[in-house]
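Across the two complexes that follow, chain A remains constant while its partner is chain B and subsequently chain C.
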Partner chain A sequence: MTRGDALVIMFAALLAGWSFTEFWGVQGPGATEVRIVSGNEEFARLPLARDTRIDVPGPAGITRVEIADGAARCARSPGSAGICQRAGWLRETGDMAVSLPNRVLIEILGEGEKQFDSINH
Partner chain B sequence: MRLSTTREDHLIAWLAALAVAIHVLESALPSPLPGVKPGLANVITVVALLMYGWRVAAWITVLRVIAGSLLTGTFLSPTFLLSISGALASLAVLLAAHALAGARLSALGLCVLAAMAHMLGQFLIAYTLIIPHPALLKLLPVLLTAALLFGVVTGTMANRIYRLPPATPS
Partner chain C sequence: MSRSGWLMLLPIALLLSACERPEIHTQRILAFGTLVEVSIYSADAELARTATEAVRQDLERMHRAWHPWEPGALGRTNEQLATQNEFSVDPSILPLLELGQALERRSDGLFNPAMGDLIALWGFHGDDRPDDPPPADAQIRQWLERAPSMAHIELDGLRARATRPGLRLDLGGFAKGYGVDRAMQRLRDMGIEHAIINAGGDLRAIGQPGNRPWRIGIRHPDGEEIMASLELRGDESVYTSGDYERYFVYDGIRYHHILDPRTGQPAREARSVTVLHHDGAEADAAATALFVAGPGRFAEIAAGLGIRKAMLLDPQGNMHMTPDMAERVRFEAEPAPAVRILELPR
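And then the complex of A and B:
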């Protein structure tokens, strides 16, 4: 092997390695904002980058939305089934948590493709 | 009618026939992913480039793609389009690298360059013309890694063939 060969192989390995980080990496900067809709109106639109908490009033009580580490979740909601809370941390574009009794919708906005809600065969 | 042929014509015909045979045999091998192939026929191209110069190597490549596709029944199909775009990209990089680097690159380096260029050229055409969907990009890391590994394998083979003592007529 000549020094040129080693250089070529190193360069090719770097290119392959870079392609892994580029195309298989976490889709970080995709999701940027969370939109909170109460009833028929947008209640708030907050950046995911800033950790915060916000209480959203609705017909059934108060839904608490928490933003931390670039993700948002429904921390507390008056719905008895806990469906809104069970959506967990929302961090990809298109992720959603809904409280029907309180008519609150929490949705992640951003660049990139939305994932499928569900797939049936 | 008699065609007058030169020694170079005969050389190209022999080597191209060898490359076509390898190409066809290889297309019978099962592949885990579309686009992943050892590219053993490229050994012939690289050895020919080192021993006989760029004209012979270019002829072998073009003849191999066209005759190979006629034999496997993919002539002018999307497979052929991918094959020829990869082959031309790899040939261009191969000739440029050999002209620029000369003896500083052995068959190993040349084969790795050719394999990477082949993969990138054919991926570019696949992505722009055939399946322009971002999901295709997820395949690229696997394809590039396979190209690197197979480039090293074919390069090692080409190096060994190139260093064999010339056959003496018996």
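And then the complex of A and C:
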């Protein structure tokens, strides 16, 4: 084996090692944005870093989504049980609130390993 | 190896680094009147998107067909049953009728899909219950006197007839499980081997994401806290029924949607039941039947339904479970509940 061969092998090994950590390694942390779905369509995708309020129309009325201090919540929504509002402030990747009567889904998106792949409830 | 041989490794390494890695693609959709989460472990993101959309369309189609109060196949079946005349059953409904009859029989009547009118009396048949009081005792007594049951449907091939008045089917107790099973088959037909479909607590998982099992959290009935977890590999369903899913409070009393066909009232001996089983429809029905059974008849009813892995959280916070479930479940919350193992009768 010549020195050139050794260099090619070393380069290939380094490349494989880099590609593994880059593409297969642990993801960075952090919830970054909130996705709002109305019916079957994505209504909005907003950064959690910008405080705002948005009204989402649905078949039962208006669902109000509020973003503040890096979290989002369902501030107001039709539905007598108040299930959407009861989800509280959503901060972590995978957190969500749903208004079934108004067919609105609010979910937090971002990178990061979740403890569970799915929650049974 | 020659220099050219080593040099051939370089493009292979480059190709490997450019491959898309398999990852879990999770999408949440609104279908079947609930929130459905589809997680697909694949390197093909486009396939995951297409497959999730196919699942959504399938579930929506089934929901329309099997809604007891809308003009779909089940709605028409209910209209025909009300006449007590013989009629031809829609082929999409027939397997559900047969399965419903078998599940009611095997649960000793604690799972009863013929309670449509009782569910409507309580106002749990729509998406959003109006702010009404619970039904009057006289109304419930009237329903109990009729005691509609799947046994009051005569089936002869595709022909059917109700033998009693007041029989309205509501297949909500197991149709979602049946639908999730079919949706999972759709994913398999599309070449997907590793996936979870979770339709509002009705969950089926196949395969595994990489070299680890699927990790499933089970939520505590009182809130967002995860009380227990399960690891799933291969092909298993986890179904949970709880008193927190649909309820209303009237005059300080909480009324939930899991009704006891013996009393016409919400069942009061459980907070939640989780069933781990291979078949989604059976697991779905069993979660309801075991909730109604309470700790007293838990083992007997589980055995009748062929369920070996199940657990029940009672109103005092104690956990009752089968020996096989005890081997699989792991408690996540501190302190862990007191556990009582219930041996299944042979």
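Observations, loosely collected:
One rule holds in what follows: the second predicted complex is superposed on the first by the 85 of 121 C-alpha atoms of A that agree within 3 Å, B and C clash if a C-alpha of one lies under 4 Å from a C-alpha of the other, contacts with A are read in each partner's own complex, and residues count from 1 in each chain.
Methods note: a residue touches a chain if its C-beta (ideal position, glycine included) is under 8 Å from a C-beta of that chain, and two chains touch if they have at least 3 such contacts.
Keep in mind that what you see is a predicted model, and the values were worked out from it rather than measured.
Contacts of A:60 after superposition on the shared chain: chain C is touched, whereas chain B is not.
Applying the stated contact rule after C-alpha superposition, one finds that A:37 touches chain C and leaves chain B untouched. Once the two complexes are laid over each other on the shared chain, residue contacts for A:5 go to chain B and to chain C alike. Set against each other, chain B and chain C touch different numbers of residues in chain A, with C touching more.
The interface of chain A with chain B overlaps its interface with chain C at residues 1-2, 4-5, 8-9, 12, 15-16, 19, 22-24. Contact residues of chain C toward chain A in the complex are 1, 3, 6-7, 9-10, 13-14, 16-17, 21, 24, 28-30, 33-35, 37, 39, 56, 127-131, 196, 198, 200-201, 203, 205, 209, 214-219, 224, 226, 229, 238-240, 242, 245-248, 274.
Remark: chain A residues 1-5, 7-9, 12-13, 15-16, 19-20, 22-24, 113 touch chain B in the complex. The residues of chain A lying in touch with chain C in their complex are 1-2, 4-5, 8-9, 11-12, 15-16, 18-19, 22-24, 37, 39-40, 60, 78-81, 87-88, 96, 98, 100-101, 103, 105, 107, 115-121.
Within the complex formed with chain A, the residues of chain B that make contact are 101, 103-106, 108-109, 112-113, 116, 134, 137-138, 140-141, 144-145, 147-148, 151-152, 155.
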